[in-house]
Amino acid sequence: MINKKVNNVEEALQGIKSGMTFMLGGFGLCGIPENAIAELVKLNVRELTCISNNAGVDDFGLGLLLQNKQIKKMISSYVGENDEFERQMLSGELEVELTPQGTLAEKCRAAQAGFPAFYTPAGYGTEVAEGKETREFDGKMYVLEPAFKADFAFVKAWKGDAAGNLIFKGTARNFNPNMCGAATITVAEVEELVPVGQLDPNNVHIPGIFVQRIFQGKNYEKRIEQRTVRQRS
Amino acid sequence: MINKKVNNVEEALQGIKSGMTFMLGGFGLCGIPENAIAELVKLNVRELTCISNNAGVDDFGLGLLLQNKQIKKMISSYVGENDEFERQMLSGELEVELTPQGTLAEKCRAAQAGFPAFYTPAGYGTEVAEGKETREFDGKMYVLEPAFKADFAFVKAWKGDAAGNLIFKGTARNFNPNMCGAATITVAEVEELVPVGQLDPNNVHIPGIFVQRIFQGKNYEKRIEQRTVRQRS
Amino acid sequence: MLDKNGIAKRIAQEVQDGFYVNLGIGIPTLVANYVRDDIEVEFQSENGVLGMGPFPFEGEEDADIINAGKQTITTMPGASFFDSSMSFAMIRGKHVHLTILGAMEVAENGDIANWKIPGKMVKGMGGAMDLVASAENIIVAMMHTNKRGESKILKKCSLPLTGVGCVTKVVTNLAVLEVKNNQFYLLERAPGVSVEEIQNATEGTLIVDGEIPEMIL
Amino acid sequence: MLDKNGIAKRIAQEVQDGFYVNLGIGIPTLVANYVRDDIEVEFQSENGVLGMGPFPFEGEEDADIINAGKQTITTMPGASFFDSSMSFAMIRGKHVHLTILGAMEVAENGDIANWKIPGKMVKGMGGAMDLVASAENIIVAMMHTNKRGESKILKKCSLPLTGVGCVTKVVTNLAVLEVKNNQFYLLERAPGVSVEEIQNATEGTLIVDGEIPEMIL
């Protein structure tokens, strides 16, 4: 077993520098790497390019890096619900590349799996396809999208072990598995680091080979963005 | 819940015709759809194109269809260990398209995921790339490979439910998940059909949306090709 | 004239037995409340769940189980969770049968715009561009006109497009329209709404062929 | 001169701490037996397992747990199973650090042939074409000459290629060779084998630079 365990978030983020490109898992605030984000704020690295489906809310998630003006460019599919984001974008402080959600996921997966680029129908005939190669297959038009390139991927899992194996919970899975192994270094934080051998090899979502560093996360807030409930009848 | 359960292999294979293209899961004899193969022999459909990593052995797996001369063309990555196969191929009775294993898997996955084609480095500079488009990305050469098109996919899972959800066991997983939803109709046979609600939604390998028909398989032989053991010391 | 729930109720009639359905944010989400309970339908949400159920009871919310609108949800027996790449495999691979989404504008050639107002609002497309580029059955839920009374059912979209030539049906507060041959075909009127009112609210080419029935809700 | 186990033993020295390794069928499979036990290594098999262990004890074989050679195996703590697409994501994405495989021919430009003898033998490439097209560190385990004594270490492969310019090192029954600048560099001699014997058995350009040490096994 190749040991990926590091003791804490400080160790896990060694080598982080200003100007780097990061991938960050999560959908809205669900399944985001809370510990890594907090540490990035502390490290105060700047001029970052962040690949993440959303940009958090004003006071949580990637919103914390935005408030601190650490982000130069965001690559996301949906950035509503964040006033500071909107302000920085409309004023031109923040560069924004909006990418269809399925394309965003596959650009991660392509990087993980060694595909240089792929053809997708999403965005054909729209702004998103401007300047990109398009091509017809079987009478349908597709856009060529390159794989992402990133320095670090920060993902959050439910359970993990020192071999780097990961299991996600519910919809907190989202982009996290697709980002593992898609950057030079993948850092996984987990709610529960279990002894090696405890995870069923059949149920591992991400084999440890895709993860370089893993640590036991702390103090998860797991905020709910839209608390919707029904009445007991 | 959309019910995919059918009562038996006969029902599961309705609509099968000579001349069709099939995908069949399995690696060697591990994880092959034994019930579907037996029924194909019984139905005696002919002129088949079969996409499967291997061609079975002389008296089991796809070897049974070969013995019966039902297969016109095989698309596989490795076809050793099968004398009848070799005889038919060298005599020209059987058309064979050898495809690198990773390319074979991805041609299935591309069909499942709606990608028309993909670029892979495998086979560049070899016979496999002859007549195919090649292209450079970042100084490395790639071959453009189209997604498979098939009429039926036959897969074998360990557990499944009437919603079509599947869980595989060990290395019997192999190509099975990649073939689900990659053909017009996907037929899953399972060792154990469990009540809906019993499979943990977190551990489902293939969601039911990729499966059209599911049935409780029978009389699994699960032959071992190379029984290798070590001595107790 | 229909309110949002009315639009959802009418769209629910389009959901057929055995359909996997993706519901967009807003009015489409309401559609789930009105689907006949004698048919089998499963709801997919592109953030990674198939087999969504109703909202949880108070106190049973789980931050790890949400829909694409970031709302807390529950799951039905037979549900499954998966990653984003597999979720869009379902969508791009045409395994999802019906997509219902909102729009700012729809054009008579089937174009749709719903993700950006240049210089003003840029929320992003989320999964909408993948959905409209892949689904063969796309129903748009929207108001027929904007707050200033201007038609959103157009000859040509003025806003940046989400997808081209993809919309098959539009259900608004005034009417049900089919999009075909670069025209809108009026299929049904909302209760109490006249053909003339619909014509006045529609900028795109509107075909009115014979007697137009009122919706049955 | 080395036998198969000797070749495997020498190759095992190339396996470094922290390596994920893919072992081909034949001699490469034997390498696992000789890896130092004070380093951490994990074996990947392309049929869908990471963290392979030794063969099972008799009576404990599981038909559902095999390696790419279709042999029954066991798994180590921390192992995982996955589908073929993910398995080749590991390979194509360069997550596997070292690939060890057999060959029928190797050429001085790094070309390798190991899947087909036209008109005679066509077993297929299995995962070999993916492995050699992607791995940055490819070691070939082979006999230096064929049964007729003809060199398999060539200027140019005569058989259909498996991959182009990909082999970095060759370990044979006679020598360890590095493949660089379109030449074979002789690094080590097998015990009791002279430089001359190696030169005679090598058709490709062989560079012999200074004193060539004997392997330490």
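Chains: A, B, C and D, in written order; residue numbering restarts at 1 for each.
The working rule: contacts are C-beta pairs under 8 Å (C-beta built on N, C-alpha and C of every residue); 3 or more make two chains touch, one makes a residue touch a chain.
Worth saying up front: this structure is predicted, and the values here are computed from it rather than measured.
Using the mean of the Cα atoms as each chain's centre, the chain most removed from subunit A is D.
Separating the centre of subunit A from that of subunit D, both taken as means of CA atoms, is a distance of 36 Å. Mean C-alpha positions place subunit C and subunit D at a centre distance of 56 Å. Here the spacing of subunit A and subunit B, counted between their Cα centres, is 33 Å.
Taken residue by residue, subunit C touches two or more other chains at 49, 81-82, 85, 88, 91-92, 134, whereas all remaining positions touch fewer. Chain contacts: subunit B has residues 109, 114-115, 120-121, 168-170, 201-202 touching two or more partner chains. Inter-chain contacts occur between A-B, A-C, A-D, B-C, B-D.
Of all residues in subunit B, those touching subunit A in their complex are 114-121, 137-138, 140, 142, 146, 167-170, 201-203. By the touch rule above, subunit A contacts subunit C in their complex via residues 27-31, 53, 76-80, 86, 89-90, 96, 98, 100-106, 108-109, 120-128, 158, 168-178, 205, 222-232. Note for the complex: subunit D touches subunit A at residues 18-20, 40-42, 44, 49-51, 75-82, 85-86, 88-96, 134.
The part of subunit D that touches subunit B in the complex is made up of residues 45-49, 54-58, 60-73, 81-85, 87-88, 91-92, 111, 115-116, 119, 122-130, 133-134, 160-165. Contact residues of subunit B toward subunit C in the complex are 1-3, 109, 111-115, 161-163, 165, 181, 196-197, 199, 201-202, 204, 207-210.
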